[in-house]
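Below are two complexes that have subunit A in common, paired first with subunit B and then with subunit C.
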Partner chain A sequence: MKFDTIIIGGGLSGMTCAIAQAQKGKRVAVIAAGQSNLHFHSGSFDLLGYQQGQPVCDPVTAIAALPESHPYHRLGDVEQLATQARQLLADAGVGTQGDAHHNHFRLSPIGKLVPTWLTMEDMFTVGSAEELKGKKIGLVNIVGFLDFTVPYLADALHDMGAEVTVRSFTTPLLENARRSPSEMRATNIAKYLDDDSHVKEVADRLNSITPRECDLLLLPAILGIANDRAVKLLKESVKTSLRFVATIPPSVPGTRIQSLLRRRFQQLGGTLLPNDTVKGGGFENNRLKYVCTENLADTRLEANEFVLATGSFLGGGLSSDYYSVRESVFGLDVELNGAASHVDWTTDKLFDKQPYESFGVKADNQFRVSKDGTTIDNLYAIGSILSGNDPQHLADATGVDLLTALAVL
Partner chain B sequence: MSEKIQLHNLSAHDFEQCLKCSICTVYCPVSAVEPNYPGPKHAGPDLMRYRMKDPDFFNETLKLCLNCKRCEVACPHGVKVGDIIQEARIQYSQHSPSLRDRMLANTDFVGSMATLVAPLTNFFLGLSPAKTVLDKVMKIDHHRQFPAYSGTKFETWFHRHAEAEQQNYKHFVGYFHGCYVNYNYPKLGQDFVKIMNACGYGVHLLEKEKCCGVALIANGLSGQAKRQGENNMRAMRRSLSEGNEAVLTTSSTCTFTMRDEYPDLLKVDNQGVRDSLMLATRFLCQKIDEGKIKLVFRKDYHKKVAYHTACHMERMGWTLYSTQLLKMIPGLDFMMLDSHCCGIAGTYGFKKENYERSQKIGAPLFQQIQEVNPDYVSTDCETCKWQIEMSTGYPVMNPISILADALDVEATKALNQNC
Partner chain C sequence: MNENNLYDVVIIGGGITGAGTARDCAMRGLKVLLVEKRDFTNGATGRNHGLLHSGARYAVTDQESAKECIQENQILRRIARHCVEETDGLFITLPEDDLAYQQKFVKACQKAGIRADVLSPEEARRLEPAVNPALKGAVRVPDASVDPFRLTTANILDAKRHGAEVMTYEEVVGFIIENGVMKGVHLRNNHTGEKTDIHCKLVINAAGIWGHLVAQLADIKINMFPAKGTLLIFGHRVNHMVINRCRKPANGDILVPDDAVCVIGTTSDRVPFDQIDDMRATPEEVDLLIREGMQLAPSLSTSRILRAYAGVRPLVASDDDPSGRSISRGIIVLDHEQRDGLKGFITVTGGKMMTYRLMAEQATNLACKKLGVDKPCMTATTPLPGSEESAREIKNELQSDFRNLTASTSRMAEIGRHGTFTKEIPYSEIEDHALVCECEEVSVGEVKFAIDKLHVHGLTNLRRRTRIGMGTCQGELCACRASSVLCQLGHTEAKKALEDLSVFVQERWKGDRPIAWGDALKENQLTLKIYQELFGMN
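Entry: the complex of A and B
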């Protein structure tokens, strides 16, 4: 079966690339082995959050100071790509707030202010910690919902100078949802509440428990699993200003992003294979001609160009045993930044920079990969399968995903 | 030293790969509507560890599982969550199938009896008092419309009207028709034969085909399912050894059951058969790709079709064969519905205690279909067809039936004559 472009991997980078190519009129297929890392998504996208341990103010400018090995250096016009990425998300139904020259802060599930580039509309953000001084905040949770760490959040907001009042509420529907305590998760709540009458019930409760003087109500992100309709309806129905804070996963905003990207791709005529693994492919004259998958067996999928967006160790794009680190699909050349043996892959302290986090495939300035030292002309790598990024210490993961996805091809 | 280190995962259904990420729970159709269901992660790999120590940890809420396998589709790490749950039910459930469950599951027996007196059966099943009796006595929900039974079984039609001329062809395929085609809707089987014949392929039925057994597995009758499975594998091996290039099907669930549930759950060996057992849409797609078959479509065919991905179809990963074929029809305005369980899950939705849940599960799909307002919905699963027709009123056609409708038979025959 023939396509123009085949993308291996259905996460943020794979789907973004797929949508961009489909918008150009190409026939695109995406092969995904399972659902993606987006299900742990914070609701925010990061270009560059930290540098040398310090929060970054202006990510576009700070990128210039990154080491040469960082994928951002192969991009071209970072600012233009960032604008393109934001537009692509908006066109898919993911509206965002933010500025590529000026990071704002999101609130992590345990109350830390984390610098970030774009945050989904309706999620809570601040320009700086000082903004919260003297603000009267109503921190609200649903009775029995354990994935929202109210004491940590209340303490963190209080430390920033806010006056915090904690409230909780329930409705008959939500009380029913507690029957299986292990299943009262953000995504299940979002599905139960995906109904106008239930949202209105929640709104009534919120209106009745809001403290008299309240600037802002903060709720866990438990609305809007497939689109933001329920979010908008709640905001309209509640008298006080209302924003959402990320919960412990599974993430409702992240699930929404995945659903919206998938829908957009299929609307553009793209073909998705949502439960398949590429087993290998046929190479000829330094080009990839076709791939074979687990489910399609002897059916070959041919294309003019292929994109590898398989993620790092978590996504399965990279795999390892006691002896080696491998790129899982084709055995492409990997960049281990000088690590000689497995003792060099990690450092002792868990939260220090771990060498393996920057492992990935070797790629040239056009993001083309190589196998046994030879560049493959039509096989590109994007996202966290690339070497040189550092998600934990730089907070650059989603920026690398989005921008490399748009820069390639 | 390395001999003592386990380098590869050896656990049943890969349950040790489970990261506890909970993504399976996000996509479980039952978890979306039923707080009493422990969810796939908990019912599957979590509780498996406890059940391995003590079977007492099994509980009957696992029967709320639809066996849709969407948890497996979602799992980023290849854990066979659905299989873990089904195997636990097979291994530990003490629940004895009721008469109702046996009747719903024994499609061959009920189908044969019903077709003998089909007009009476259909009339009876449509009467309100009869439905009330089925509801109160058998706990088969009175909202459910039973699919009509055909007066003549597909097999009978085939032997009388089609079998003789099948030997005029140079290439052959076997056909596993399944219960739906045989007892309820022979037209789908006729459509299949029409297409294969137009492409230059003769069709052979299997010798003594039996129900694939998916309903038997779901209703606690896996012993019987295994016997029927072994019978079917014998029949298919024979068919493949007699010059049939493949054994084709027109039902996604039957295909998935025989290819995957047989070895994974029933320990029925299907080696030598599995690779040659496939949906007709896969076979046609591959042959067209290889240039061995050509299809010509009528110029006057214009329909808007919305495609629904059945759960087992998504699990098999073969949706694109059916959708690629539909997209080949020039007059067909194709639209892909969001992939969402319809809620019926075979015999599950017929049971009174499940009916409301089934309808809640399918509600978002039904709503999207209303919004799209197609001429037809198309899907490869017959129970999805019943559910969507009953719940939305829109007609549903298998892709094979749409292809047969749109096919210019004479032109196709002419093009395939020299293959």
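Entry: the complex of A and C
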């Protein structure tokens, strides 16, 4: 089988790159191993959230101060790529609000205000904590749903000056789901509620328990697993204005993004090979000629160009053992920034900068990778498998995913 | 002084020794207060193999210890059956070991009253498929696995049932001594800093290695040596039987199955006293344990390591040896009236986790003699709470209950953890059924029970009482869920609970970092993705 472009990895970065290439009219295939980091998604996309421990106001401008090794320095026009990324998401059905020159704040699952660039339209955000002063907020949960930390959220909102009233509800359908206690996770609940009559039932319950004076209802993000139909319907059917807050994973908004991006890709004529893993490939004259997968053992998948979007350790793009760190598929060159022994990969304090978080494959200015010191001319790396980013201390993960995906090829 | 506020005995230390001593004293009618500076099982009790020794390990080198072990082994199987898993153990001889040692070993076991059956290598491989197939000999002995957390909790509960009072996070910061007579203790609350005085007739120092420092508060010197022991937990239960090396006891030669995991250990190294509150496994210790563990069960080389941890044994040099070289691992009860001229002060130390009952009996015997109380010890024959009925009897009783219709595996997990107390776990509200921890199947109802009955203030307490966060995911998601549930049930204010969560996650890292490669590194990236990136914690 022959394609123009083969993308290895079906997470946010891989799917974004795949859609962008398919839009150019290329024949694109995506080989996706399974779940991705989208399962831990907050409903927001970060460009650059923090620098030296302080929230960043204007991410595009602040990028100049990042260390040389950061992938953002190899992108070219960041602002243009950011606009492009937002449009691509919107075209796929992921509507967002936000401004690359001005971060806003999302409310984290434990009630922290976290600076971010784009947030999905129905998720709760504020420009600043002051906005909430005197606001009457109804914080609503499903009875026995433990992945929405009501006490933490209530306390945080209260600290910001809001008047918080806590409510909970259940429906016969949810009671049925509860018979197996492990069903009470966000994505499972979303599957139960993905039906118009059930959404109407939830709306009725919400209308009946909404406090008399209430500016805003906040709900756990447990609606809209495949698209935002159920979300829209609920908003129409509930009298009070309504927003969602991210839950403890698995993330419903993230799952929705995943399925919308996949659908968009397939609508553009792309080929998706789900639940398959690349085993290896054939190199010739510093070019990758083909790859082989677990499911298509004897078939060579050929392409003019290949993109590696397999993620960091968690995604499986990097793997490690007692002795070394390697790139999992091809054994490409990796950058460990001098941390040779596993003792040096980590530091004592959990929330300090962990050296291994910046490990990744070596990539040139066009994001081309190398093997045994030689650049592979048609193999590119994007997203968190790149070295030099820091999802925790810069809050740059989804920005690196999206922007590098659009910058290559 | 109001007679009602005067305790017969204050016991210092909420490990298994203190808990067992509190139970014994209370059962003999003494008015007891137990004080623990942090949480129950925080010291060596919570940081060992969880091995119910048959005594075979000591048979060749220390007959007395071996006899104590086999006696207590039999007793705990009767009185604490919900804490014991009857696995049996193998002592294997590998090609590099001397098979002649096996004969000496079997003879010594028989002399100590320990059943020791010699098996052929084929038989051993059939009984325990995980064992190193290269073995050239094996002996089967009645080793077993015991849960020290459950065992301590059961002793605490029974002590309370017999009238004892128990306080956690209360540290002894000084003694009230008048004319060479112990009159009481000065306490400081480690949560609030509040100070109180408690009066009593007798103090029993059962603080493990910290007993050295406790005695110093009374100007008494006990020659203790902190001996660090490091262990590794693997994410699978590779072996069904305890596997030991049939040779002179050495490092890393015991592999114990515990619930759904298994534990290899240990090392033994002296450490200075200023380190005993912050034990960490070193890379060298981890290397050694992996290397030795693979000798016992080769499949450990491909098993995921869950975490590394270390405890401190209280080794005591005998009084007539000021150099401290002659160290005993036996039980030591010091009568400080006789030894140091301080009336009303007793130290119980040395020994082993699984001989705690005998240690408690000896300390209580001495206490009763001092107080003029003439009551026999009943702890060897009275079942601990939770063990009055067998798991099957409890299950049958619960069968008729509507609660059993759902989530029966989680009910069985509860029976395993709490024995007959399972009946007290509330399931009256819808949310009580919700699962907080999926790996270990802990429900909101069980958390409520733990808060009400088992001295739970925070996540670490809850982990030790219910196994929350001890399964394969090591608390990845359930720690946050549990912390919010604890907060919701009205126990802590939100900011404190979040601080507790942050400390909990960082504490887990202490055990993950020494093994942070492969799956453990991947798991840590997940932790950071969730707690730091998604939650915004720092």
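Just so it is clear, the second predicted complex is superposed on the first by the 409 of 409 C-alpha atoms of A that agree within 3 Å, B and C clash if a C-alpha of one lies under 4 Å from a C-alpha of the other, contacts with A are read in each partner's own complex, and residues count from 1 in each chain.
Convention: contacts are C-beta pairs under 8 Å (C-beta built on N, C-alpha and C of every residue); 3 or more make two chains touch, one makes a residue touch a chain.
Quick caveat, the model's predicted, so the values are computed rather than measured.
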* In the superposed arrangement, does A:Cys57 touch subunit B (first), subunit C (second), both or neither? -> neither
* Asked: With the two structures laid over each other on chain A, which partner does A:Arg178 touch: subunit B (first), subunit C (second), both, or neither?
  -> both
* Counting only touches as set out at the top, which of subunit B and subunit C does A:Ala65 meet: first, second, both, neither? -> neither
* Asked: In the superposed arrangement, does A:Tyr322 touch subunit B (first), subunit C (second), both or neither?
  -> both
* Asked: Taking the superposition as given, does A:Thr187 touch the first partner, subunit B, the second, subunit C, both, or neither?
  -> first
* Asked: In the superposed arrangement, does A:Ala90 touch subunit B (first), subunit C (second), both or neither?
  -> neither
* To do: Classify the contacts of A:Phe351 with the two partner chains as first (subunit B alone), second (subunit C alone), both, or neither.
  => second
* To do: Report, in rising order, the residues of subunit A that make contact with subunit B in one complex and with subunit C in the other.
  => 37, 40, 178-180, 182, 184, 249, 314, 321-322
* **Residue numbers on subunit C that touch subunit A, as the complex places them** => 283, 406-407, 410, 430-431, 433-436, 438, 443-444, 477, 480-481, 483-485, 487-488, 493-495, 497-498, 501, 505-506, 509, 513, 516-518, 521-522, 524-530, 532-538
* To do: Would you tell me which residues of subunit A are touching subunit C in their complex?
  => 37, 40, 42, 108-114, 143-147, 149-152, 154-156, 170, 175, 178-182, 184, 246, 248-249, 312-314, 319-322, 342-343, 345-346, 348-351, 354, 356-357, 391-392, 395, 397
* **Contacting residues of subunit A [partner subunit B, same complex]** => 1, 29, 33-37, 39-40, 176-180, 182-185, 187-188, 191-192, 194, 226, 249-250, 255, 263, 266, 271, 273-276, 293-299, 314-316, 321-322
* Structure fact -> Residue positions on subunit B within touch of subunit A in the complex are 2, 5, 7, 21-23, 25-27, 31-33, 35-39, 42, 46, 72-78, 275, 282, 285-286, 289, 314-320, 323-324, 336, 338-339, 364
